[in-house]
Amino acid sequence: MSETSHGADRRRLSGHSIVRSRHFRYLLAAAVIGLLPLVFTTSYWRTNLILCAINVMLAIGLDFVLGYAGQLNLGQSAFYGIGAYASTLLVTKLGIPFWAAFALGTVMAGAAGALLSLFAVRLRGHYLAIASLGFAVITYQILLNWISLTQGPLGIYAIPPPPPIALPWLPRIPFTNLANFFYLTASLALIVYFLLDQMLRSPIGETLAAIREDEISAASLGINAPKWKAFAFAASSAVAGAAGCFYAPFVGTLVPDAFFVTESFAILAMVIVGGMGTLIGPAFGAIFITLLPEVLRSIGDLRLILYGASVTLVVLFMPGGIMQAWRLVRQRLFFFAEESAT
Amino acid sequence: MISIVLQQGINGIVIGSLYVLVALGLTLIYGVLVQINFAHADIVTLGAFAAYATTHFFGESYVVGIAAALIAGAALGWLVNATIFSPLRERGSELLPLIATIGVSIMLQNAMLALLGPIPYAFDTPYSNHVLRLGGLFLTVQNMLIIVVSSASIILLYGFMRFTFLGKALRAVAQDRETAGLLGINSNQLIMLTFVIASALAGMSGALLGPVLVLTPFAGTSVIVKAFAIVIIGGFGNIEGTIIAGLLVGFIESFTTQFLDPGLIDIVVFALLLLTLAVRPTGLIADKREENV
Amino acid sequence: MTASATSHIDIAAPLLQVQGLSKSYGGVRAVRDISLAISSGTVFAVIGPNGAGKSTLLNLLSGLHQPDDGTIRFAGVELVGMPPHLRARHGLARTFQKIRLFKQLSVLENVLVGYHTRHAIPPWQYLLHGAAFQQERRRCREQAIDLLEFVGLSHRASIAAGALSYGEQRLLEIARALATAPRLLMVDEPAAGLNTTEVAALLLRITNLRARGITVVMVEHNMNLVMTVADRILVMDYGQFLFEGTPSEVQCHPKVISAYLGADVP
């Protein structure tokens, strides 16, 4: 992970031109998002694209608290589920407009995260990891057993898509087709990415990293570590909740099994394989892990073994994940380029 | 009514003492390494299947099955320490080993799933159907065996930690690894020993749990989540606290099943976990340690 | 740099006043009934053999541990019961005996963390960086580079803190602590692992800090450094108060000589 901070320095030291290149990267991302549904026209691939966008949100949300604040949130599956169920129930049972339900679902997931973290943030990181794992187990049990509210294992069916956006000078944008739904989720993922990125480039980034590196030192500099850990935890939970709000109308069906603890492990795998402590790494990690099963369909259940193995191997041999591998490749390329130039 | 309470009390002790065996392993490892082995769950599962294979395929007795589970557990524990915890120790990270063992756990579970399938195995021992009547209470010989074997192991382990040189050395390493090193204690070997003991216990509890539990490749996971709760409620690294908390969770499980709803077990256990964190964050039996700077 | 923070304090009243401070760990009385008063703008050294309770005293002052008994008044505020991060906000900063830098952050970033409580960025600009954000970030960075210059590390600003040499790491800890604009800086064995030239440079820096009005509390084994730079010295032994006075008084005092200094100190 030391490469991470070097990277940060390079960005920082080279100053002004970087701002431009950041704008360029966001424009590039927007352009790619715009083009993807035009390239992938089958509903099979568009469905996968939407899943990628949702998983990118889940992964960068977890990375914010794990890679930067150094706290393991194993409750992402639960916060994802809270967002999905809360927004859906608000729409279907209380008739609240989708966007208000989206805001409420996000806030509820974030609040649940903040509340949970308050129990354990004063202790070592393991306590928070286990408390959040326990929370994931409990939330799943509640979704399963509170049948009058969630219909338990039978699930909630026929969840409507978000209402069309009708802006005065544009044609109505309905979300009944997959391309538009992808634009919607991908835009949200991009906005979430931008907001997290902004926070990490502000003093919050240094504060969280300081807590990750040494809490006692951080406190000696005036940092209220429990407060900031709770903040990072809440932010990560809120992002998972937001992703859940889109998952429900996308799939159209909600069953508790979608939010079982193993989902938390899948999100963890995206972050680890992508490279924790960078935002872009886990984003690619999410895409990689989402599409991998599609590519590896032929090997069936063995792919899950591969998935666990990749987490372990990355931690052991390439803790920076895809990003570290990419940097190594790039260094080597530059090296060869320089060699051939001289 | 009283007989129901007593009956559930016995059931609570049976399941609770097994949880104690699993949780003690976690707490021992935490004591010396300040690390969590997530794959501890799969050591339990492996132990259960090892005992199943010994008795059902090879036709050996259940006691041989328990021994096989013990050895299988110890071997897997040794492997996990040698491949994951040892290499990661120098990096000094709090979470990386935990994450790596989550990967190991996913790997092992799915390997077992691919090999053994998702359908629960019926693990019958000659003792499962043999029921003893004590007054108005019922106790299968299997449950009797569970109580005897696990309390014997717990007492042995407790005595080992308290009274033998090795046990004291283990506790010295737990207190302060550097100083222990100065005293000529080889902490690497002791850490390995801890892993082997902890995993042997987990494997053995798997063999005992197999006939009681729904035996699938995921059997260990349902146990481990409660074991995690137990070590936090009892206080990480605290042996006495773990024993008390384990029995407590056993009682919660049996009484919740009887008087409330089995679906609520996890919820009640987790509520207790949160309550502990809120009121006595270092566990039921406070073990106050301040970090030395 | 940070002198303005101390200008309004009355020099006559002690900046830090400790009364009857005690702390035990599992039956061992690490600090017993220590009382002291430190005037603003002075260098106060704490000496004593290993295990005398010097570091424990610093930990009690910085709030890492809470005392069993006693009071700590700092600039008119009672510190006992106050968590470390609030003490830091009241103007108390420290370094650590076992170095505790943010190893994976760059040298500059380590110092920037010290500006946590001192920047004036409106919270909403964390999300949308405006002009105020850019201006404050620039100001903090410039000041951080000044601090690195002060400790002689500005040329190392962009490398990871963990890659610094031992002596450089100690200096970086001082720069990081100074970033919080402390009124009182506690340094725990700042000269450990430094060579003679580096100790001389350290001495100049401490004198410089005093000249800027920063009060310095120093736990140190290097007697040359202590005797040259300290205004007053507290001698501790087995957690207890042994003597307090000026360097020349300490050097002459028979109890101190017999208990601690021995024959090897001139």
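In order of appearance the chains are A, B and C, and numbering begins at 1 in each one.
Following the convention adopted for this analysis, contacts are C-beta pairs under 8 Å (C-beta built on N, C-alpha and C of every residue); 3 or more make two chains touch, one makes a residue touch a chain.
Fair warning: this is a prediction, and the values are worked out from it, not measured in the lab.
J.: Quick one: which chain's Cα centre is the longest way from subunit C's?
T.: Relative to subunit C, the chain whose C-alpha centre sits farthest away is B.
J.: Quick check on this structure: which chain has its C-alpha centroid closest to the centroid of all protein C-alpha atoms?
T.: Central chain: A.
J.: Measure off the straight-line distance from the CA centroid of subunit A to the CA centroid of subunit B, and report it in whole Å.
T.: Measuring from centre to centre gives 33 Å for this pair.
J.: For subunit B and subunit C, let me know how many angstrom lie between their CA-based centres, rounded off.
T.: 46
J.: Could you work out how far the Cα centre of subunit A sits from that of subunit C, in whole Å?
T.: Chain centres of subunit A and subunit C, defined by C-alpha means, are spaced 41 Å apart.
J.: Which subunit B residues reach two or more other chains?
T.: If we look for residues of subunit B contacting two or more partner chains, we find 291, 293.
J.: Would you pick out the residues of subunit C that each touch at least 2 other chains?
T.: 64, 96, 100
J.: For subunit A, which residues are shared contacts with two or more other chains?
T.: Residue numbers touching two or more other chains: 216.
J.: Once bound in the complex, which stretches of subunit C touch subunit A?
T.: Residues 62-64, 83-86, 88-89, 93-94, 96, 100-106, 108-109, 112-117, 119, 121, 125-129, 133, 137, 140, 158, 160, 162, 176-177, 179-180.
J.: In the complex formed with subunit A, which residues of subunit B make contact?
T.: The touching residues are 30, 34, 36, 83-84, 87-88, 91, 94-96, 98-111, 113-114, 225, 228-229, 232, 236, 261, 263-264, 266-267, 269-270, 273-274, 277-278, 281-282, 291, 293.
J.: What does subunit A use to touch subunit B in their complex?
T.: 66, 70, 72, 119-120, 122-127, 129-131, 133-135, 137-138, 141-142, 144-145, 216, 262, 265, 268-269, 272, 301-302, 304-305, 307-313, 315-316, 319
J.: Quick one: which bits of subunit A touch subunit C in the complex? Just the residue numbers, please.
T.: Residues 1-2, 4-6, 8-10, 12-13, 195, 198-199, 201-204, 206-207, 209-210, 213-214, 216-225.
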